[in-house]
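Residue numbering begins at 1 within each chain, and the chains themselves are lettered A, B, C, D and E in the order written.
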Amino acid sequence: ADTIKVGVLHSLSGTMAISETTLKDTVLMAIEEINAKGGVMGKKLEPVVVDPASNWPLFAEKTKQLLGQDKVAVIFGCWTSVSRKSVLPVVEEMNGLLFYPVQYEGEELSKNVFYTGAAPNQQAIPAVDYLMSKAGGGAKRWVLLGTDYVYPRTTNKILRAYLKSKGVADKDIDEKYTPFGHSDYQTIVADVKKFSQGGKTAVVSTINGDSNVPFYKELGNAGLKAKDVPVVAFSVGEEELRGVDTKPLVGHLAAWNYFMSIKSPANTEFIKKWSAYAKAKKLPGSDKPLTNDPMEATYIGINMWKQAVEKAKSTDTDKVIAAMAGQTFNAPSGIVSKMDEKNHHLHKSVFIGEIKADGQFNVVWKTPGPVKAKPWSPYIEGNDKKPDEPVKGTSVATTK
Amino acid sequence: MTTNAPMIPAVLLPAKGPLLTRAGWSTFMMALIAVCAVAPMLNLWVPEGSLFHMSTYAVALLGKIMCYAICALAMDLIWGYTGILSLGHGVFFALGGYVMGMYLMRQIGHDGNYKSDLPDFMVFLDWKTLPWHWTFSDSFIATLFLIVLVPGVVAFVFGYFAFRSRIKGVYFSIITQAMTFAAMLLFFRNETGFGGNNGFTDFKRILNIPLATPSMRMTLFVITGLTLLGFFLFAKWLVSSKFGRVLQAIRDAETRVMFSGYNPLGYKLTIWVISAVMCGVAGALYVPQVGIINPGEMSPASSIEIAIWAAVGGRASLIGPIVGAFIVNGAKSWLTVAYPEFWLYFLGALFIGVTLFLPDGVVGLVKKFRKGSEK
Amino acid sequence: MLFRHLLLIATLFIASRAYALSPEEVKGMAIGETEARVEVLNKAAANADEKTMAFIQALSDDAVKTRGDKVYVVKGDKAFDPVTGAETPLPADAEDVINPNLMRSELDNALAALKLFSKDEKVRRDAIKTLGSDNDEARLPLIEKAYAAETVPQLKSQLELMRAAILLGSSDKAKRLEAAAQLSASKNPTTKTVLLERLATETDADVKVALQAALSKVDASLAWGDKLGAIFSGISLGSILLLVALGLAITYGLMGVINMAHGELMMIGAYATYVVQGLFQKYLPAAFDWYLLAAVPVAFMASALMGAVLERSVIRFLYGRPLETLLATWGISLMLQQLVRSIFGAQNVGVENPVWMSGGVQVLGNLSLPYNRLVIIAFAAAVLLGVAWLISRTRLGLFVRGVTQNRPIASCMGVNTARIDTYAFALGSGIAGLAGCALSQVGNVGPDLGQGYIVDSFMVVVLGGVGQLAGTVYAALGLGILNKFLEGWTGAVLAKIAVLVFIIIFIQKRPQGIFAMKGRSAEA
Amino acid sequence: MLNVKNINQYYGGSHILRDVSLDAYPGKVTVLLGRNGVGKTTLLKSLMGLIPIKTGSIDFNGKQIQGSTPYERARAGIGFVPQGREIFARLTVEENLRMGLAYKRAGTPIPAELYELFPVLKQMLNRRGGDLSGGQQQQLAIARALAAKPRLLILDEPTEGIQPSIIKDIGKVVRMLADRGDMAILLVEQYYDFAQELADDYLVMERGEFIARGQGKDMEANGVRQLVAI
Amino acid sequence: MTPDLLEQGARRIEEHMALLAAGGGNAGSGGRHASTGRVVESGEVDVTHGRILYLDDVSVSFDGFKAINKLSLDIAPGELRCIIGPNGAGKTTMMDIITGKTRPDEGTVFFGSTIDLLRYKEAEIAQLGIGRKFQKPTVFEQLTVFENLELALKTNKGVKSSMFFRLDSQQSDRLAEILVTIHLAGSVGRMAGNLSHGQKQWLEIGMLLMQDPKLLLLDEPVAGMTDEETARTAELFLTLKGKHSLMVVEHDMSFIKTISEIVTVLCDGSVLAQGTLDEVQADERVIEVYLGR
């Protein structure tokens, strides 16, 4: 036909809209850019945007619709691991293609998914290493604080195992979960304060979504300073800090594979494009356009998909999957990001940033170069035997 | 008690009508045929690409909406006819769904991510054995019983205490909301043992037959349709019996009902449990078709939505809530695609419009038209 | 000002052995790995001269840039060489020096140590606070000197504790014992940390016993703070619940509108606050700290206006059909959410605490009460008094109650019911707006703001007894405190579940809420 | 004072009032009689504006008020004692009376004579209206209507549920109010003896129409008692 | 038997003896000590003591206000008892107590000599055979006149039997008959909510008739009725008398006059006077507080 349909599956309403809306716009921006350059194989891309409304079952339903009804060639979407998990069976059954742009807990490797966000070893482990180091403050006690769902649970399970391997005792690890949307962190912050009396403490926050704002506000007002108890977050980026007064938070940390403050020609270009796009489309918040890690991952994803389609000369799922292996892209984070030949994850550099008063991040530590993803964390029992590539035929349709 | 007057003047008492009118029966039969014959044909035999082909997506969507319609029907019994607004029916739906979901999880066997005996989420929680409440989850027969039993017993216990204490009106509504909210939080906790926020997904088989095949999907679709139609007849029979009229009397003047010698507790409790069980069954049918169940179904908003389906279609009319479920969910499915950024305006306007202009719901409008044309 | 002051002390104190700030030191402090920088810093600080002090201060103020291995101190739009003090042109591609936490805290400590000798008592107090539990042995002479010089008893005892904390690491057993004894008087949580750390490495049995004794004393005095803290956070949560419920107590409690859009009316108040903040930032940056005072009436008016519009266009057709109001207001809430999404975007917007609401007051060593929460408690009390007065003491209140009970008859008494309805709904909405304004100071401001509170607010109103303002107050505070006590014990989720179950059971005992209306009037 | 012409009123499809016309004069008590369900209450509600009339006109003191809202009519000086008391159940007795003064200036005191007339109200000032006994409520309803000193007083079966001695008092009050000469009174009553005693004029309604009217003193002679029987 | 029951029984026997001793012998069951050791069929009201309703020393107060004050009163089977008394005397409250709507603070309420009404709930009391008409007419507004009456019909009121209930021809006849009695035959299919005030009064009486109770409590049944209808109501009550016991509260003296044998005057929560209408009408106190001069 004359166009290639591309599915965009991000929540535009509900709790996750906060984070996901910009990803939808990032996809649309990239599509506009690609179309302006002549499209893919001479065909224009046609975005099909749907709103799964932060409702996990609706994610599955909308996926069925995108693949079955609209026959999209590829879907860019999901933020939370929950949503990905509910989409996964559909994508596998209908042999679709999903690009997932957010850091996650690993423990998954589907032939039909490309993971352009970080695996635990590309984010969580280095962050903890840093906090343990002298430069990071030499933390001895750990509060693992997260939203109660699969990503924080699994990440913390990995971290606990990792910390143990580094000689941290169980009593020095406090694991705490709050539900999605939790908004009153008085008690938690008081507990952290109390816990920190027992020795140099760091907090690893895997709080996702809305809750971050009240958490950080409480942190700031309760006078828990970064130099006393640093908090490193894995799901807090520039966008999430938009809603927070960052002055009391200076020095708290985040670990990502991209920060807006990174200086590289590709990033300057990226920010410029985004600002221009946001202004042109009058997107909300365009007076202060922000970029963040999942946006970068989205951007890399769609561009690599384009390259792969052109290489495969087809949008056929299996052909594109084959062509994705080893694709490279000049990423805004300043490296040449490569899709692993086998495991469907990107090679990424890891950055640790400290919050600045203006809501941006100072990069205080980074890996010397890109790190290969280990979706099967070695700190989880039995993972050593798992192959580092999707196993064919996990989906039911093909087993029986 | 007889008065002395021997002559009893001829008073025309209204005769008890049939369960459905003739037109009602024929519509019912048409629905039956549509569900059992037409839909399977269009989906399975008409080739894809044909104008008349019914897509898999459509089957899934309609199947889902039929489950919702059962909930709306259940809501109508308790709200429309008995005047008790439950803002917690989502709990019963979810409980039915979870019972079914547990069975489906067990059916995954070793095909999960971790290739373990246990469901995946138990693996990441480091659990080694199945918790007690999973005991019967591997038996399909037990599952069928539990689908009825679990929502039924929960509803019975909750209802018994609430109705016994004469909790009424908004007080009842609000504590049902508290109930569903508490249940949601409980199920959100991973430690509770129901998969936390993720809930259950990635189902593979039912009765060892793969779920993701067109014929299986169609089978579930047909079963759901038959259940809906069956519940409709059952509800119709209930409300046209004296039992149904007592319910309406409770709605209008509960004290009068008591002083007439009826104990409202039994009546309320009966209809409450029936309504809950219907929701539970709907939930159980929903899960294999939609492929996921999570505590979101217990959120207060989900329960409110059930009430909204009933209201949009028209309360106290049985067919109304079914129509309402189709209209609201159909509109939602269509609008989220057609106007992803604006659909909430349309949906919100629909709710406002219905309340302002159609106090008896969409069905009320149809009735009005019909009356108008008869004149 | 402070800077100059500081230089003065520095010169006074270290005048005898002035070292010059060397280019190596400058480079060492500004460039390289954090740990190495810290080392250079500590060396330089120990022998600081004027220039070193100035440079450390500049580093701490993030006023240092580098290019290659050239270091510049930036003041305004000029740059200077830190060693010579000469003005030099700043290259365009000079980079900021980044101070990670470690570096930052060392810089602060270095500066604070010098400020211990300030003439200004407040500066000294702050310096002591900054140094806190820093038990770096190298600082011992400095502390002892400051201790000797200190005249204010309170500060002196704090310095003593600081000295003790350092001496705890002394190789002299007697000193350690004495230090332990001194520390047992501390009410400071950091003392506990120090004691624990020492306890982990201590080998001497006597000292261990002394440490244990000190530890349990410190623990005991900290326990108080914990308890009071829990009560405070309970009251604070209660005040928020009260605020979110008060408006609903009018629109729902009195008027009988099951107002599902109540949360969205709060959201409007919060966004109004955001807009006012933005206007102040743009047009009145000098008065920015007082934007909240302007935001309060604006938030009230914005929500009240929206409430009035809703009442006129939708609600007034639904009186006497309470369950229909549920449906319509649900629709309204969806539309309002989408409306702010369209205008302000789906993301949260940032609302800052004004300076006077940031931070908190330290009541006990481990109990600091955040200003924003204190202000909200006071605000909730004020709103409560206002509402109570309006409802029970004014004619408007009387009419509102009359109209909501029997609209047609109130009309026959000569009350313009339509207008009263509008006023009443607008009032309830306006109070929701006030709640939103308050919430913007503690939580998220986003399109979903309202959704998070709607269940709670209904719970409070119903638990208190519909139409009973006093009940609302008891319910809000009761639930707040109960919740926080349970939370400390079971964690947030189980506490919340327990509270919900409590509500369910409580309603069994009192099917019409705490302040049930008794007798016949309740049925009428 | 009040001049009603050809009012028609419907509930849904059924025609309740058919071309009803009547007049009421200051200083006079006009009594309206009729069996259950003939439309008396409907007529009074129409006069009060609680249900808008389909056709016809209502002239009050030279002003056409058929289009006005109930509160405008109340402000024009019409006081209403509805059937079934319609007390504000959750307001105290005092507040109920203050509601009766709603359109007066703030601070207008409750006329002391009300308490003389209904002493029980004085005792129960702070009790909630809904807690009163049926008869007490009825007394309150009358007092509430009188509080603002209306120029036309409309009473719908005011003696229902009231003890005999107070009925007598109410009779005296109505008479007294009428005799002052500035108030017109329109009274719907089933209690025939009471009605006859008070009536200056009478009207008998049957199926939404007046089938008889005349002067109070002629009631017995005109066989009104039989008319309201079956 | 629970101890308190035993104690109550003992007390009642004592009282009974005292009564006998005082010569009021015929207030009991003819001098036989019948209340002990006799088998009573469940659900049957035992009226062998000659009393179908028996209130003793009942008090209730609301927020300190004594609405009923040591009230003692009894009614014989088949009696038509009229109760009058000033507004606020406690007449409605007394009915509330008998029907289980209000719990008294103290005192005993017996239906027959064996049924302690304080132990039952509203619905059970209704099933025992006490029917009530409220002061403010209450009917099922959203149901038709027919359905209102059908629901009131005396049958098994359990859930299951309701589901499978069908009106048999005898019941239909009775329903039709009552419809005529209450003048609503032409309105069988109308919604009760659309009836006028007086029509609702009648409908409620009709429902009471359908319920066929042993004891009828009627709170101002003729309020808002025309004189003609009042007279017919009186007629109706007189036909009911004998087979049923009635307690009628009214302020309409002419109505009372046509139906009454014994009139009880209630004031400030207790009995002020009792006797024939003429007797009480002559009583100065009654004139003072109730009738007026």
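Methods note: a contact is a pair of C-beta atoms (placed from the backbone, for glycine too) under 8 Å apart; a residue touches a chain by one contact, two chains touch by 3 or more.
Keep in mind the model is a prediction, meaning the values are calculated, not measured.
Visitor: Quick check on this structure: which chain has its C-alpha centroid closest to the centroid of all protein C-alpha atoms?
Guide: B
Visitor: Which chain's C-alpha centroid is most distant from that of subunit E?
Guide: Farthest from subunit E by mean C-alpha position: A.
Visitor: Could you tell me the distance, in whole angstrom, between the mean C-alpha positions of subunit C and subunit D?
Guide: Their C-alpha centroids are separated by 62 Å.
Visitor: So how far apart, in whole Å, are subunit B and subunit E when each is placed at the average of its C-alpha atoms?
Guide: So the centroids are 45 Å from each other.
Visitor: Please work out the Cα centroid separation of subunit C and subunit E, and write it as a whole number of Å.
Guide: Each chain's C-alpha centroid was found; their separation is 65 Å.
Visitor: Could you put a whole-Å number on the gap between the CA centroids of subunit D and subunit E?
Guide: 32
Visitor: For subunit E, jot down the residues that touch at least 2 other chains.
Guide: Answer for subunit E, listing residues that touch two or more other chains: 62.
Visitor: Counting only residues that touch at least two other chains, what does the list for subunit D look like?
Guide: Residue numbers touching two or more other chains: 131.
Visitor: Spell out, as numbers or ranges, the residues of subunit C touching 2 or more other chains.
Guide: Residues 337-338, 341, 493, 519, 523 of subunit C touch two or more partner chains.
Visitor: Under the touch definition given earlier, write down the residues of subunit C that touch subunit B in their complex.
Guide: 258, 260, 314, 317-318, 321-328, 330-335, 337-339, 341-342, 451, 454-455, 458-459, 462, 466, 493-494, 496-497, 500-501, 503-504, 507-509, 511-513, 523
Visitor: Quick check: in the complex, which residue numbers of subunit C touch subunit D?
Guide: 395, 398-399, 401-402, 405-406, 408-418, 467, 517, 519-524
Visitor: Of all residues in subunit C, which touch subunit A in the complex?
Guide: Touch list, subunit C to subunit A: 33-35, 96, 98, 100-102, 104-105, 108, 189-190, 192-193, 196-197, 222, 226, 229-230, 233, 236-237, 337-338, 341, 343-353, 358-360, 362, 366, 368, 370-373, 442-448, 452, 484, 487-488, 491-493.
Visitor: Which bits of subunit E are touching subunit B when the two form their complex?
Guide: Residues of subunit E touching subunit B: 99, 101, 121-124, 126-127, 131-132, 134, 138-144, 146-147, 150-152, 154, 157-159, 162-167, 172-177, 179-181, 185, 188-189, 207, 209, 211-212, 236, 239-240, 243-244.
Visitor: List the residues on subunit B that touch subunit A in their complex, please.
Guide: Contact set of subunit B toward subunit A: 55-57, 60-61, 64, 111, 113-114, 121, 124-126, 185, 188-190, 196-199, 201-205, 210-213, 290-294, 296-297, 333, 336-337, 340-341, 343-344.
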